[in-house]
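The following pair of complexes shares a single chain, subunit A, combined with subunit B in the former and subunit C in the latter.
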Partner chain A sequence: MDADRIRAHLDPIRHEFADPRSLVMPALKFAQTEKGHLTREDMAAVAEATGYSPSFIESVASFYDRLYTRPVGNRVVSVCVTLSCMLRGADEVWDALCEHEGVDHHHGGTSADGRITIQEAQCLGYCDKGACIQVDAEETKGPYTPEEAVKLVEELREAPTPAELWR
Partner chain B sequence: MPILNSVYRHREAGRPLTELAAYREAGGYKALESVLGETDADDLQYAFVRSGLRGRGGAGFPMGRKASFLPKDSRLPKYVVCNADESEPGTFKDREIMEMNPFQLLEGLTLAGYAIGAVRGYIYIRGEYEHQARVLDAAVRAAREAGFLGKDLLRSGFDYDITVYRGAGAYICGEETALLESLEGKRGQPRLKPPFPAVAGLYGSPTLINNVETLTALPPIVTRGADWYAALGPEKSPGTKLFSISGHVVRPGNYEIVLGDTTLRELIFEHAGGLREGRRVKAVWVGGSSVPVIGEEHLDTPLDYESLQGIGTALGSGGCIVMDDSGCIVRACLRLASFYRHESCGKCSPCREGTSWFERILQRMVDGDGRMEDFELLESLFRRVSGKTLCPLADGAIAPIRSAIKLFRDDFIRVCQEGSPRPEPMLPASVG
Partner chain C sequence: MAEYAPVDLTVENQVEFELDGRRVAAPAGTMLADACYAHGVEIPIFCYEPRIGPPIGACRMCLVEVEGMRGLQTACSTPVAPDMVVRTTTDAVKEAQDGVLEVLLANHPLDCPVCDKGGECPLQDRTFKFGPGTSRYVEPKRHQPKPLNLSHRIALDRERCISCFRCVRFSQEVAQDGELTMQERGARSEITTFSGDPYRGRFSGNIIDVCPVGALTSIPYRFVSRPWDVQNTPSVCGLCPVGCNTELTVREGRTKRVTGRPEPNPAVEEGWLCDTGRWAYDASWSQARITAAVVREATGDRTATLEDAVDGAAALLRGRTAGILVGTAATVEEAGIAADLAGGALPGAVVARMGIPGGALAPLRALPGAQLGDVDDADLVVVAGGDPSAQQPVAELRLRKARRFGATVTGCGPRPHALEALGTFIRTAPGDLAAGVASLAEAIAAATRPVVMWDEADLAGEPAAAEALAAAIAANPAARQLELGAEVNGSGLRALGLPDAGAVLDAVRAGTVDALLLVHADPLDAPGRAAWDAALEGFAGPVIAIASHADATTERADLVLPALTMWEQEGTLVSMNGRVQRLRPGARGPEGAAAGWELLVALAHRLGVVPGYRTAAAAFRAVTAGRPAFAGITPEAAGVLGVPLAAPAQVAGASAPPPASGEGVPLVATRTVYGGAAARRSAALADTAAPAELRMAPDTAAAHWVNDGDRVVLRSSSGESGRLTVRVGDGLPEGVVFAPLGAPGSPTEGVLPADMAPVLVRVARVEAG
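This part shows the complex of A and B:
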């Protein structure tokens, strides 16, 4: 994404912060919506739009789980594996999804066709709906059985990719 | 004991109050209208003190007292920051408030701002709650249009606005100083305290930080009176509390109870519908995952700060995780250890290295490769990490494991020798 588009996104909220550095996170989150992850060029554009150095911007981006500095699939499927969801079958959901997408059962990963990334998430705040799953930054849903979870990714694979990838 | 849905208005109304008109009908913004231009900021602060309201984010610090720590004569602008990072495992109460009753949070945040003379309030919300953040965005716009936010609120001369700020996935950003770092556009790593945020918080300015549930309790405290609130429940920790209950219970969800009025047994068996047929309670993490675990013998403890402290655990965030006797305590500990290892921000080495060791040792126990020396090793690690870190995350990682080893030593020894096969989970279908 280019710096001008990022600037245009930041202009309406600039006055809300006494220090412009607070704009770095909104800028990174917005820049990511174009490709679903942040390339070095995207981060350089954020640096240009906010006035901070590219290495500072990259160090901020690398801290947060939901800022991706490497390519991920068209859709990112986060499976909560924390305690409450584990008690409700999260490991079974996780295994079924990794199996179905042919990705590593320890770390998850992206399917060969590049459509779906399966990743572990820590407690998503939907423990009452465990085992729960969040697609990109859409509303988390649950409870899922392994079969229902597989159906979810099959539907996602067919669905059109959203214009803006908020993750 | 009955559930008292009296503080959080969407519960009282029995429906979501996401439209301003609906919130107004339910008594919304009466508190702000009665206070602005009428009540002195100090008197409002004093009402918060008298209500006895304690912080609902985990530490339980008295809200009014914290507000009184902010300097009165600061030349710097003051801020209120609402902690909506809600990432403590087992906790999902703030989510309900934000998605069902966003205006009550905005009204509470505005009252807090008035009480300390702030220029702006920020809601720092975890990135995963994008849906809730959009509900809040819409509520802020509606409140602004109606004159409840912006310049010269209700012609009182008080200027105040609210910004919703999204995080991007990091549990540690719930720790208040890490939150401030993140809100300042940096990596979310905790700061050395003192100075405390009340003196030097956001942008070095005096800052009041409170949890969503804490701030949302303020409007009814104003309309019904501090004395009404203080009379609910025990003297030292009055009020109602939202408990999130999850895990092996039939009806997981949020329940608002009067503190001290309901026992853990009642929460599990009456409100949350109990366990599956033939199951018994094995372990409960009553205040989120960072508190010592307790067993069946403590089910009759009343749910309030003092009583839970009295049995060696803590009320924490009110995120109550229940495991029945089908679960394996060592596996549960391992899962929590993995959580803390993943969420350690890496700033201090005892925490960074320690959490990784806890996970490794518990993993080999679960795999049946544990050794008897591992108990001593874990204990010596706990001693070397506990109290030697910048923030309480590391102690939060230790508490559930250390307490479990003490309480369920026989299980640990058996698992060390035999390993622990993955037990059958409680699937949606088995809830019935």
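This part shows the complex of A and C:
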């Protein structure tokens, strides 16, 4: 994504941020909507649009879980594994999804067809709906049984990829 | 490393507090770590480095007990308070220190026996002094590929890193190059650049000095020596006129490393060095080094022993009237002894210095001067002309620090440069610095503690601007001037009263001298070289060069006496701010070479006049006696940190240059230290060497019918340049061309007059790009 598009995205929201450094986050999130992850060029464009050094932009991007500096699947499925969800069977949901997508049971990962990424999430704030799952940056939903979770990713696999990949 | 901030225990109204049962005092605002150190109590620190900026409390090593405060406090970020009760040796503190070190070492490889830092490593020392001695960790340690090349000169070993953030903060806060950051988080945190690119910075080497562990080490120094096998000598850098205080690491007669001083000089460089000053030392054994005397005869060149060569030089000079030209990097001793020859051994000799005549700068130099350290206290810093980041590198760091401390930065000049982002800068047309100066006068008058940095080369060529600037500074009694000099020892040579090189040039042309002795002088590579080329063309007398490296002039000389370099010899240099500082001999130098001052003394002996000194220190006393600028200054007084000259170093017998003549486009020349002449002699800095490029805006290129990549020559009323490659760049002012000084073959110097007067050049394409 080029710096001009990022600037155009930032201009209407600039006044909301007292510290200009805070603009780096919305800029990175927006830059990520194009490919679903941030390339070197994307981060350089964010640096140009925000006035910080590319290295600083990359340090921010590398700090946050939902900013991806490596390619991920078309859809990212985050499984909450914190206490409440774990007590309600998040481990089984996690195992079922990893098994179904053929990814590492310890770290999660992206399916071979590149459609789905399974990742762990810490508490998503939906303890009353555990075990809960968040798809990309959509609303978190639950509770899920392992079978329902597998059905969810099957539906995601068939559904068209959103035009903007907010994560 | 003195990592603690110096504490002045003599000021009034100090805060009294209790330290381990003792009643002590420190100025208000002093951090506990510094106050304790000043009172003889060492509190271990890793992340704290007051030169970098405010404390961040990242490493937790400095925990102490403060009565009434819950938990332990970080001494690096807790200021002293009245009647505070501080305990640094209680069980709770000891347990905390043990715990912190145990965690810091959890993943540390403990490969001290093969680590370059071993023996001079704060982590090692403090683990011995404050650590637990054993670890409860039995788990395997984290492994990383090692070492990585952070740049061509810096190795990064992530296993050893304790994430103290010193290097990151240096890059972000001090150098402000924005290159280094900590990426990822938690246990995966790692120091890196953008996408792992090489660290590009003019001051990158300082991160090696500030690293408290062996994570960042110098590649040229890798596995070269252990700290107990070396001798460290405090010296001064002689590559640019800033005069940074350095420490030479010497082993087996060679300089193996140059670092910032463990006890930095707050008035000059504050411990920071530019990369050129840090790594150029391998130039002392580079290809261009002259290791044996060369005698040029009709039958060809032959090498000679030093004895025979000095005999030969004396024979060539005997009975002749000599012109003696002293180069800008020559020490005070060399210049002084050379001047002394005229009074005895070589009667009637004309002695002159290379460099800018600078007659127009007298009113500026007469004003109260500031040292670089004084910039910290300024509320306004003005940069008149020049490009400090290229020409006086460490001045850039002082300027950035002043900005960090809240000073307003402003200035004017014909060049776009890196420091313009710090404040409001006015771009002046070449030759019209006066217009910029006029618009700065108001700000200077309104400021309470302004420091005006002015560029010697730019203002020497524009007398009107120099006069206006002097008037503006004089109008504010609190204002001080700080010269951004162009020559390494320019101030020293002026303080000795040497006239400019024109005196010798005129004598050569007029035929009143019939021999030429060059002391570290290279007129055929300097501005005004066209005139020297012409004058030497028909010069029949012998040319004798005392030089350390081969250059255009040693090629022309009939006899070359090999001299020592600044890393090898004793001497005195005067910085651009008139600070008298001593070079101390670190390395021995080649077998067939001798210090320039020794060669001159030997020459005097051979010519039958025995000078009254036999050591460099005695020579300093003798040659500076009766010079008002050097009043009261002895080698002892200069000590380790140097002293300012007693009076400004003014020039003798120089007149102001005429305005630009001829026709064409104005040329702005910049002498770059980073990537300049010193870098080209150094293998370690080879990748930084700046190419000979003529930079201009697209419209200017179109107006002169040249394209990016074309090879061109310039012609001015002073002569013709060597070949330069055209680089068309956006963001450059139109109607002006920029070229570097000190590029290979000295192309730009050919069109410039020695007095650095503004020139107009015509651009002629010789080869399409």
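We take it that the second predicted complex is superposed on the first by the 165 of 167 C-alpha atoms of A that agree within 3 Å, B and C clash if a C-alpha of one lies under 4 Å from a C-alpha of the other, contacts with A are read in each partner's own complex, and residues count from 1 in each chain.
Everything below uses one rule, namely that a residue touches a chain if its C-beta (ideal position, glycine included) is under 8 Å from a C-beta of that chain, and two chains touch if they have at least 3 such contacts.
All figures in this text were calculated on a predicted structure; none of them were measured in a lab.
Participant: Check the residue A:91 against both partner chains and state whether it touches subunit B (first), subunit C (second), both, or neither.
Facilitator: Only subunit B; A:91 stays clear of subunit C.
Participant: More subunit A residues touched by subunit B or by subunit C?
Facilitator: After superposition, B is the partner touching more of subunit A.
Participant: Does subunit B (first) or subunit C (second) touch A:63, or do both, or does neither?
Facilitator: Both partners.
Participant: Using the touch definition from the top, say if A:40 reaches subunit B (first), subunit C (second), both or neither.
Facilitator: second
Participant: Using the superposition on chain A described above, determine whether A:161 touches subunit B (first), subunit C (second), both, or neither.
Facilitator: The answer is neither, since A:161 touches no partner chain.
Participant: Residue by residue on subunit A, keep only those touching subunit B in one complex and subunit C in the other, then list them.
Facilitator: 59, 63
Participant: For the complex, give me every residue of subunit C touching subunit A.
Facilitator: Residues of subunit C touching subunit A: 172, 177-185, 192-195.
Participant: Considering only the defined contacts, which subunit B positions touch subunit A in the complex?
Facilitator: Residues 77, 86-92, 94-95, 120, 126-131, 161, 163, 165-171, 182-189, 203, 205, 244-248, 252-254, 285, 289, 319, 321, 323, 327, 331-332, 335-336, 339, 342-343, 345, 422, 425-429.
Participant: Mind pulling up the subunit A residues that touch subunit C in the complex?
Facilitator: Result: residues 40, 43-44, 52-59, 62-63 of subunit A touch subunit C.
Participant: If we count contacts the way the header does, which residues on subunit A are in touch with subunit B in the complex?
Facilitator: Its residues touching subunit B are 13, 16-19, 21-26, 28-29, 59-60, 63-67, 78, 81-84, 86-92, 121-131, 134, 137-140, 143-145, 166.
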